[in-house]
């Protein structure tokens, strides 16, 4: 505990995920009284057709996500 | 806010997701007092081996999902 | 299938949820090839201290959610 | 009801998922007062770069997940 | 890993959750090649107004959930 | 995008959540190429009877979560 689920459009590299997993874990230890060994972080990558903001698929947005 | 996660067996087209994202967004605005710009809808597509109903994988069901 | 999880700040009435559950279900039947009896919709109500947009808790935003 | 989401690193076979879906369903019937026809179980498979334990991606762990 | 989220209508006792957490954990060890120390199970209890099946809130169903 | 769901046992203060929401948001901007205005973070607080680690409810663990 805690469990973190990060859902977003695919496109981040393993290196970016590596850094983020560590930063989120560190934040939960320092500001959330969590113990490192119990923290789990999951990334759910979905294609741009599978995430909508304001009713609009990311695939249909003019600017990159 | 709100965030909507729709989990189902893969097979819907981008056009179906486009329509659904807009309809769900519109429903949340009209009946849920949500503001369009804050609404996010995510589709989580899983293969038919990864969704079970009543203990039975969709892949094992006789009828299509 | 599908399963829908709607996460938002508490404050909607049962009547609003009743209408939304039906509208989301109807949309999934018409545009998502889902069968009514398999559709499940869950509302996850969280307090305004437990939802952040753009790094800011809803509890700290000037305007109501 | 209930809905069960199992998130893990990819690598399990359909046969393993078939058994697990049935066992989890059976447990919910016997110990959770759930009715079989309403139980849904979803497996979310993610690559080893997308799941971190204790701040470390499974892809970076020495031992297999 | 894995992380299990069980979402349902409130009403189960701690003793029922205790049994279920152990049974689900045991199933994941035996049939899912998971290690006990990495398995996390979360119960998300929602009121009967916050879970709909087939478009109908559990609160509005004639039979108990 | 992205949406972050943090599930844990209740007990953190609004101030802790305020700090965490900002830190997680900042991490996603710097290391995840996300835009601040699209990032949403949700905390799902559950009682100690509703989170199990290694098959054991947090309520039954000797040490505090």
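Per-chain residue numbering starts at 1, and chain names A, B, C, D, E and F are given in the order in which the chains are listed.
In the analysis below, a contact is a pair of C-beta atoms (placed from the backbone, for glycine too) under 8 Å apart; a residue touches a chain by one contact, two chains touch by 3 or more.
Quantities reported herein were computed from a predicted structural model and do not represent experimental measurements.
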Message: Once the contact rule is applied, which chains count as partners of both chain B and chain F?
response: A, C
Message: Centroid of chain E to centroid of chain F, CA atoms only: how many Å?
response: 19
Rounded Å distance between chain C and chain D, as computed from the means of their C-alpha atoms: 24
- request: Provide the C-alpha centroid distance between chain D and chain E, rounded to the nearest whole angstrom.
  value: 12
Statement: In chain B, the residues touching two or more other chains are 1, 3, 5, 7, 38, 40, 42, 44, 51, 53
Query: Pairwise, which chains touch?
result: A-B, A-D, A-E, A-F, B-C, B-D, B-F, C-D, C-E, C-F, D-E, E-F
Query: For chain F, which residues are in contact with chain B within the complex?
result: 1, 3, 5, 38, 40, 42
- request: Going by the contact rule at the top, pick out the chain F residues touching chain C in the complex.
  value: 5, 14, 17-18, 21-22, 25-26, 36-45
Interface residues, chain B side, partner chain C - complex: 1-9, 11-12, 16, 19-20, 23-24, 27-28, 31-34, 38, 51, 53, 58, 65
- line: The answer for chain C against chain F in the complex is residues 7, 44, 46, 49-57, 59-60
